[in-house]
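Naming follows writing order (A, B, C and D), and every chain is counted from residue 1.
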Amino acid sequence: MVRIGIVNVTGYMGAEAARLLHAHPEVELTSVTGRSAAGKPLGEVFPHLAPLGLTVAEELGEVDAIVSALPHAASAKALLPYIERGLPVVDLSADFRLRRVEEYEPWYGKHPAPELLAQAVYGLPELHRDEIAAAKLVASPGCHATAAILALAPAVKAGLIEPDIVVDSKTGVSGAGRTLGLSYHFSEANEGVSAYGLGGHRQLPEMTQELGALCEAPAPRITFVPHLVPMTRGILVTCYATLRGESTGATDRIRDLYRDFYRESPFVRVVDEPPATKQTLGSNRCFLYPTVDERTGRLIVVSCLDNLTKGGAGQGVQCLNLMLGLPESTGLDGTALYP
Amino acid sequence: MVRIGIVNVTGYMGAEAARLLHAHPEVELTSVTGRSAAGKPLGEVFPHLAPLGLTVAEELGEVDAIVSALPHAASAKALLPYIERGLPVVDLSADFRLRRVEEYEPWYGKHPAPELLAQAVYGLPELHRDEIAAAKLVASPGCHATAAILALAPAVKAGLIEPDIVVDSKTGVSGAGRTLGLSYHFSEANEGVSAYGLGGHRQLPEMTQELGALCEAPAPRITFVPHLVPMTRGILVTCYATLRGESTGATDRIRDLYRDFYRESPFVRVVDEPPATKQTLGSNRCFLYPTVDERTGRLIVVSCLDNLTKGGAGQGVQCLNLMLGLPESTGLDGTALYP
Amino acid sequence: MVRIGIVNVTGYMGAEAARLLHAHPEVELTSVTGRSAAGKPLGEVFPHLAPLGLTVAEELGEVDAIVSALPHAASAKALLPYIERGLPVVDLSADFRLRRVEEYEPWYGKHPAPELLAQAVYGLPELHRDEIAAAKLVASPGCHATAAILALAPAVKAGLIEPDIVVDSKTGVSGAGRTLGLSYHFSEANEGVSAYGLGGHRQLPEMTQELGALCEAPAPRITFVPHLVPMTRGILVTCYATLRGESTGATDRIRDLYRDFYRESPFVRVVDEPPATKQTLGSNRCFLYPTVDERTGRLIVVSCLDNLTKGGAGQGVQCLNLMLGLPESTGLDGTALYP
Amino acid sequence: MVRIGIVNVTGYMGAEAARLLHAHPEVELTSVTGRSAAGKPLGEVFPHLAPLGLTVAEELGEVDAIVSALPHAASAKALLPYIERGLPVVDLSADFRLRRVEEYEPWYGKHPAPELLAQAVYGLPELHRDEIAAAKLVASPGCHATAAILALAPAVKAGLIEPDIVVDSKTGVSGAGRTLGLSYHFSEANEGVSAYGLGGHRQLPEMTQELGALCEAPAPRITFVPHLVPMTRGILVTCYATLRGESTGATDRIRDLYRDFYRESPFVRVVDEPPATKQTLGSNRCFLYPTVDERTGRLIVVSCLDNLTKGGAGQGVQCLNLMLGLPESTGLDGTALYP
């Protein structure tokens, strides 16, 4: 059994990683850390994790691979020693997602370990399967970015759309984490929808980097606006871009192209009916629904997933599987919890 | 006291009209109809309306003005005799919203009274205040359309944007009415977001008609995608269009232009912070937040309102006030219920 | 116009008082305070209250009567000078609800002004209408307590039940106020139900005091357990007690007795179908549904209301009306927002 | 691999059984039926179940054991031939829960196969583990009943409480199934709490039967009131009964007694902090929190579980495991989905 450690298990992303690794048949979760809760049984912080029988430690014990659920900056710093030792590391934070430090710093501030950027791989298996399998340091993508990039990659790569894209995202509140804030206070968030990040959201450069790499210059110009909706989990992204060439009857052709693109990807499903985030609850799946608005010649792609699973810890485990030489979907083929 | 009757009080729109008219100081709600519930006390259908002391009738009694909350087609048919008698009529259905029968029929089927279209006025007071005041037949706009048109009118009229517009709407479930359906079953709708109407939604032609009337040809090409979010009331629309001319520093200028445009409109507030639908709950207000994405040169306008109030019965009462020679906001200046 | 001031408008109870007083035809809300937000426009703290045009002050201006929405202890302290000046004061906190300081201190700690307890009146108009009308200091009851006392008073007074009562309450999250806490974090509170206050809840002594005053000694032995449910507003209390005497056919008789008891109370409705909290949303009404479980000879009474309105600021305004010599329901007869 | 068939997979209970059996390492779900959807791919009815690759059939294929998710009466009828053939059958309906036909018929109407009642076992493994292991026909308990019986069994068996019990239950809406109804329409159920079944609820006789069997006559007199709360999954039951003997300091003693009682039961956890339904989401666990209200000498037991899992299909699979000679928790040890 490969022994896995989770750094910072006390947030939602860490807890989701623990849930998934506990159910994983080929690895064993042996060590979890969390500064504020160090010394407590994990079941005291999260009663649903009591069956794991673990105690939250200050530092990781002996492990064979690591998943970090620390926030950015703190994550890079904490992972440095393990990366240097050559341990396989999946970082769920943003620290190693952007290839160039110049892209990172305007959004996140000073990078704690820019020298490591060169060896990090962007952990979206659907685009970087082989690189991930060969990597020691994988940066699991952001939740909005995962949904948007999967929605747009086939169209961008095939040159189907103008490089002028609107990404309108609707996310559940768990994406904001477990840290308290007035916007996430039940009585404020419940029964309301609002837009945020209108001045620019940190997951935008991931989208630009990954989609830009799939096409000729210039990089796509993306307007990205996330919205907070009153549910716990789930992201639904609606992408809009003008189609190049004939739009009449294009939907079927594009849906075929999408199916081809994701033929080897067990977690991406191109569907014929508009999907709902609920269909992905707790699962590692992403549903894509491309369709053409023939009145305006626009491609619309609806994409949805669970922000903590395929948009977070599930994708991290998917990468970990690849890094450990396991089939990509090991321990991840549970279906959604429905309803 | 002006005596008002509501046709079809037994749906959500009718019940909201009853709530507002009950609180109105200058009119009296004296008669309500509803086929299936005819003969029952209104308080049996809607316990919260028991204090009104009304009984649901098969036909309206003697009234001075009418609000219809029937569905399209049924509404035009039921209103015909009253319109012929010259009674002031506010129709909350779609029957008289589109000026040309050729626009109506592809979306709604055969029009029951096309001869009346010429005299009907689109009941958006912010654009048609004087015509509404002079009209006998007013068609209260759709909920998405109200939010989108108010969001875009100033920019379209001023020629600020290219006529290529994305309207992404997020609506609460009450917009689907009281008729049962699997999509609106609690266990299906709760904790999920989905897109619908991807093949084209009936409120699109209203947007095209009204925004098209504000600008030179050609009419704006609008892609409109509504989304169902797990809350009861509220619509938030996010509109995207490419700005003509310089975008740097444009936000303030555009916000001023919006404030000027709505200077005489008591229910539209242009705000400096992104609004939430919750801030409009049960009120007749619409909040607008225009901002510029300088990275891409796009204007983004966030617009929100309560779909049953400003997006429905509240706007109907606003029109009724104008038709009756009352101040536009009579009986409508209550603040939102918050939280 | 009577000028009213609200002390501490920046919580949910204060904001609800502002909404109701703004809609009140016989008083004017002229002054609002709130330590942390002093100097800010009220519309900056609560955008939905922007139409009131008020600025949050450090201290109240010149007013004729006061509503305090401060927490306990702070409230008594802040109100002292106004009470001494003889201004009519409605206190929404718990400071003046318990007649005896020995009842107060085990639950709330040292009382800041025990000498005032003698003149304070428990602000439940359905039980103390005349005393409230004659009082200068009225303590508006707790939200659970209002629901439970109204549910049980007729039965206790008539000696119908054994003095051994279970009160099981289900409350929306807004009752916990605007102060952040992990239990009220959206992702924790949403899609979950939990019991709290199992070691004893502060509103228990109010119930014992008020119901005890209606019957011969000994005072009723009440077990009270509140539960947090995932909604914003509303309380539903289910009360259980063994019926004295014959239970067969008792339901009708008891419902008549309840209707008699509340004949003069415009806000209490005894209903023939089990009510839902939703039917009271934003209104000042309380619905009561007494029924007998003939299998076990138990009286069950279901009671529901909006915790911020009839269970809080609405009841405060109802008391204020009585203190000002106005009809009890002035400004409070709006129907619930539904759905 | 043991081949399992699900009768009536198209409701929520059937779909939950499919989810759990798909994840089960020792059985294979090979056949599913559903009258209305016969012939359709399962993934068309439930997109989240598409990965199972099954088609809904009119009749079960060749299987080794059966789970029925049909409604009562229909279930007994459909299962008859399989029971006669001696196939292991778990019935999730109520048809075989009550031992005596005289208990069944007042609540459910004529029993379609009363001759089978004698061989049926009540499928609560915590009370009937050995009988279930030896049975061919097991009736999986109701969701409220599971929560209430687990909450009370240790106290009743030990003679700790008077046989006069209040069971106040709060359930998510999925318990009402997938069939449409106004009470389960999103806009009606959301943001509201209501009591139902006040004239008597069908799961009451299960509680009386099972708890009565644990104590001397007379059977406990139970008042049971379920409440609908606005969430999809989860049941929290609060039980109240007067303690016999000394209550001071009794909580610890009782908690120990509960822990002893459930020592061999992997899915029941006696906890030291009040639990939330959310901690059980999608898992087969039941959390119990017994505590004593020393003021009134009452035992309070809070019990919570997921109504579709431990309160439904999960418990069915737990029984199936026992019937197949597998460890009780095979395929069921996943932790809850949190948050």
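We adopt the following convention: a contact is a pair of C-beta atoms (placed from the backbone, for glycine too) under 8 Å apart; a residue touches a chain by one contact, two chains touch by 3 or more.
Everything numeric in this text was worked out from a predicted model, so none of it was measured.
Asks: Taking a step as a move to a touching chain, how many steps at least join chain B to chain D?
Replies: The distance in steps between these two chains is 1.
Asks: Give me the set of chains touching chain C intersected with the set touching chain D.
Replies: Expected: A, B.
Asks: Would you mind pulling out the distance in Å between where the CA atoms of chain B average out and where those of chain C do?
Replies: Centre-to-centre distance between chain B and chain C: 36 Å.
Asks: Taking each chain's centre as its mean C-alpha position, how far apart are chain A and chain C in Å?
Replies: Spacing between the chain centres: roughly 46 Å.
Asks: What are the residues of chain C that contact at least two other chains?
Replies: Counting only residues that touch two or more other chains, chain C contributes 12, 172, 174, 187, 190-191, 230-233, 275, 279, 281, 339.
Asks: Can you check the complex and tell me which residues of chain A touch chain D?
Replies: Touching chain D from chain A are residues 12, 15, 18-19, 22-23, 46-52, 174, 191, 232-233, 269, 271, 273, 275, 279-283, 285, 287, 333-339.
Asks: Quick check: in the complex, which residue numbers of chain A touch chain B?
Replies: Those residues of chain A that touch chain B are 164, 166, 168, 170, 172, 187-188, 190-196, 198-200, 221-223, 225, 227, 229-234, 236, 238, 240, 242, 274-279, 281, 289, 291, 293, 295-296, 298, 300, 302, 304, 339.
Asks: Could you please specify the touching residues of chain D with respect to chain B in the complex?
Replies: Going through chain D, the ones touching chain B are 12, 173-174, 176, 178, 180-182, 184-191, 230-232.
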